[in-house]
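Got some structures for you, see below.
Presented sequentially are two complexes of chain A, the first with chain B as partner and the second with chain C.
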Partner chain A sequence: MTEAVRSAVDSGLPRQVGMLARRSVLRTMRQPAMVVPSLVFPLLLLSINSSGLESTTQLPGFPTDNYLDFALAIAFVQGALFSANSAGTNVANDIESGFLNRLSLTPLRRMALMMGQLAGILALGVIQAVTFLLVGVAFGAGIEAGLPGAIVIVLMSLTISAAFGCIGAFVALRSGTGEAVQGIFPLLFAALFLSSMALPRDLIEINWFQTVATYNPVSYMLEGIRSLVITGWDGEALALGFACAVGLALIALVAASSALRTRMVRT
Partner chain B sequence: MSRGGFWSVAGAVAWRNAHNFFSNPAMIVPAMLFPLFFFTAFAGGLSRVDSVPGFDYDAGYTTFVYGFVLLQAATFGGIFTGFSVARDFESGFSRRLMLAAPRRGGIVAGYWLAALMRAIFTIALITAVALVAGLAIDGNAVDLVGLYTLAVIVNAAAMLFGTGIAMRLRTMQAGPAMQTPAFLFLFLAPVWVPYDLLTGWVQGAASVNPVTLVLESGRGFLAGDPTEVLPAFAVALVLAAVTVLWARGGLRSAERVA
Partner chain C sequence: MSGAAIEASDLVRDFKKGPRAVDGIDLRVEPGEVYGFLGPNGAGKSTTVHMLTTLLPPTSGSARVAGHDVVTEGPAVRAAIGAALQEAALDPFLTGREHMTLQTALHGMRGTAARDRGEELIARVGLSQAADRRVGGYSGGMKRRLDLALALVHRPRILFLDEPTTGLDVQSRTSLWEEVGRLAADRGVTVFLTTQYLEEADVLADRVGIIHKGAIVAEGTPEALKAEIGRPSVEAVPAEREDLPRMKQVLARFGESVPGSPKAVAVRLDGGDAQLAEVVRALDAEDIHVEHLQLHAPTLDDVFLSKTGRSLEGEAEEETADEEEEPEPTEAVAA
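Let's turn to the complex of A and B:
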């Protein structure tokens, strides 16, 4: 154990979190293969969607006449899905390389480990959210709720990133392999596809799809961000959006912590 | 060397790949799920798009989306076979295979047969789901032969493209180099709405994208109103011819290091 790590474990939780957070952030930022696709693919899909589906704004009841305003929210959630992949892959690497085994021999607190791992995801989340906002505004999206609304969008985006990041960490801790993390990516994508991603829920005419989208928390995350872009300040949409994001984050965090405890015991 | 050597190699490679595909959940599940996700998400979530003024596809939105998902399944059936080629190089299997094969062209033919089986399986599954979901096929038997022949040619071109990359780079890390161009060509075509309803740069890209012709022709076959048939087949055959040369170059490159 290096002197710095010994000093960290000897001190309190904040210092332990700080050490691991620094490692997590540096590790994420040093992997362009992790950062670049998480920015490029959502922007590419945003660009294709907003040109390809612009004509749907002519449907009666569509909430805006600019599909880019409607589609911008998708980029934030899609970026958060990459966070799940990124967090899970990092945790799986720590397991496969034996780093977690070595940490388990130290008096490091489990909470510090979880929070430290999440720091890298949140750093990536800030880069994603700011990039998506700037690109969206540059290409003509209007943020109806103004600058304070943009800040709330970043906060909600970070909460969603943390939620999906915890899901990725949970899967990695349960399975111990990077392949399993890659395997859940399509399922998380399905959650995005089976939501109000492409059209508002009340304009979806297939009943079963509308029902699935209504029970899908991703719909409310999208609608929370979308409300700030299109409507302005809509308390109900924001409350539902934050409730779903925070709720999912808490459930995933508890599950990941439990999986971490089990893995530490096994170790 | 006899032609029997060629086909025995092709048969063995095809059987091994098909066996790997059908017996490994990590391979078969994503191959089934991705096209199904696309189909359900867009045929279900965007079904109202057929009410947009100017949407002029009479067979309905489910059929419109099926045309795209069919092309996607054919393309990715080929591309994912390229992944198998790369995996075989990483594991060292391909090197041993090249030493043992009397006719190495049979290796590529075997991967093509595997890609074809893979695509047929995925397309059959999607077609069954689409029929349950309300797919309306207004085309006659000749139209359907045209539709599925186009899909087979596209599948072969995608497989040859992926194999050419895999045989040159010989690593799984070549995956994005196979997937990204296929993804871009597919999604820069009129995926969700007819060409006339596209706007902005995507319409410009679709106008020069050869996949647009193939997709519109496929949708024409489904609607019983064949359109752009000769240009679509010409484009598909040119793509296949170019990718044959590309794959042959890849095979030569792999032979040099075998």
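Let's turn to the complex of A and C:
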């Protein structure tokens, strides 16, 4: 390989990541139809839950007397589920339009493409997390762990967004179609509903539901965020929450990278 | 291999589902040449381009582009080529200038050099006024011109254009032809152009390869290919519709039937254009009044017809719903 070719091939990973991240963020922010529902629907569900299920706080052993404190975590995870849709749809569009082929013909590294895509997911995640925090606090939610806790909530929320975003990207890369991405959206919501979303796990009385919720990593993500809102610094809940979020993110990232290698065929 | 810009030998590509897409193609394109790859949808044009541009590994056979093997020297091939593939692959949410910034950056250009190159190309394809508009609002012709400009960012020696004018209006098509012609003439860029338009191949290509069902069935300059057919055809429309069968009988004396309008009779003249007068006399002798009579010089469609037994224009119409299958993802040969 000549020096010129080597130079062309090695055009700099950080710069490639930066350019693709910029594109990903611009693309996301220029699609209000993708950003607005990911903010509005979680807030809508939050308002319905916190007003309709307030009496649940009377249950013996319920960890708080304000259901908004309990339900606030749902908004973060639900918002992250929208990341799967957003990331998957963007990747599917790139495949269907041939844009991925265009990128394949440049000296682009696959890792740069994945990282650039992640940047778009995280940009949306920051907007979601900050919005949910501000709205929650404005309507009376208290963050027991204070400002540092709020920052950790944002970090955990971003990790969850990255995990679900990579799942969306993986499905898009495997299938090559936006329809398949839309198809997994209800499944991801089912994962949210079959978790400790509405009740603490020890208060779920139906055995199978409690078992499913116990094995469902979404429960631990919710409980990690919830601990910072309700109880303050709970090392175990945070460790489990981050472990589930980071673990899922890593598995999804590896799966998406593998699917990208197959999809982005070039010799 | 001795200095060819593109060279392929017995190139084959199979897909898991469906027929063999490319079935043993041999071709050689010289530096600076405009090579037209002509064929209907589904003939194997795009699959060939995907293999030559390293986006798809061949099932068997070999190909070298810019002197580099497309399987073992993919990065070197990509450094030497530019490509505007089927459908302008653009992001509707980015502006033309943002596309250019991304493309120059991915090719490793920086600072003023990248900006100047981007501006030069945007101006060259006539998009300076629209450069800050989102591409989603561009016309088909504007998208194609931007696509071409992006393919030229790194000054490629070889340019692959996969059906660059499909779906464009006449004005946009002509404008793109002029730009491609300039690239080849002024810059010595080798152009590998796939098309299903006879006129496009005729106007642009120095040499044409006609592909049918994955194989090249004819190759040469447009003039040589047409000369190979040699004989012109005559098409006649009777003044009275009921005379059509009799007209068919009369014209059958002068040559084989060729496809024409449903209201007309068309035959390839065995004796060449000198027979035209005889045709007129024969029709007059049979008292068949003629509304319209036209002599057609051989076209590339005639070449396609003679090699495949089918009309390219007819095939294109029949197969518009049967778009060429996109290459399926397969495991990459190398990272």
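By definition in this document, the second predicted complex is superposed on the first by the 255 of 267 C-alpha atoms of A that agree within 3 Å, B and C clash if a C-alpha of one lies under 4 Å from a C-alpha of the other, contacts with A are read in each partner's own complex, and residues count from 1 in each chain.
Here is the rule we go by: contacts are C-beta pairs under 8 Å (C-beta built on N, C-alpha and C of every residue); 3 or more make two chains touch, one makes a residue touch a chain.
Not measured: the values here are computed from a predicted model.
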Figure out whether A:54 sits in contact with chain B (first) or chain C (second), or with both, or with neither.
-> first
Applying the touch criterion given at the start, work out whether A:107 contacts chain B, chain C, both or neither, answering first, second, both or neither.
-> second
Tell me which partner A:203 touches in the superposition: chain B (first), chain C (second), both or neither.
-> first
Tell me which partner A:265 touches in the superposition: chain B (first), chain C (second), both or neither.
-> second
Which partner does A:193 contact after superposing on A: first (chain B), second (chain C), both, neither?
-> first
Of the partners chain B and chain C, which touch A:12 in the superposed model: first, second, both, neither?
-> second
Between chain B (first) and chain C (second), which does A:98 come into contact with in this model arrangement: first, second, both, or neither?
-> second
Residues of chain A touched: more by chain B or chain C?
-> C
Okay, in this complex, where on chain A does chain B touch?
-> 47-48, 50-56, 58-59, 179, 183, 186, 189-190, 193-194, 196-199, 203-206, 208-209, 213
Chain A partner, complex, touching residues on chain C are 53-57, 70-79, 81-83, 85-87, 89-91, 93-94, 98, 101-103, 105-108, 110, 134, 150, 154, 327, 329-335
The residues of chain A that touch chain C in their complex are 1-2, 4-5, 7-12, 15-16, 19-20, 23, 26-27, 30-31, 94, 97-99, 101-108, 110, 176, 261-267
For the chain B and chain A complex, residues of the former touching the latter = 26, 30, 33-34, 37-38, 40-49, 51-55, 187-188, 190-193, 197-203
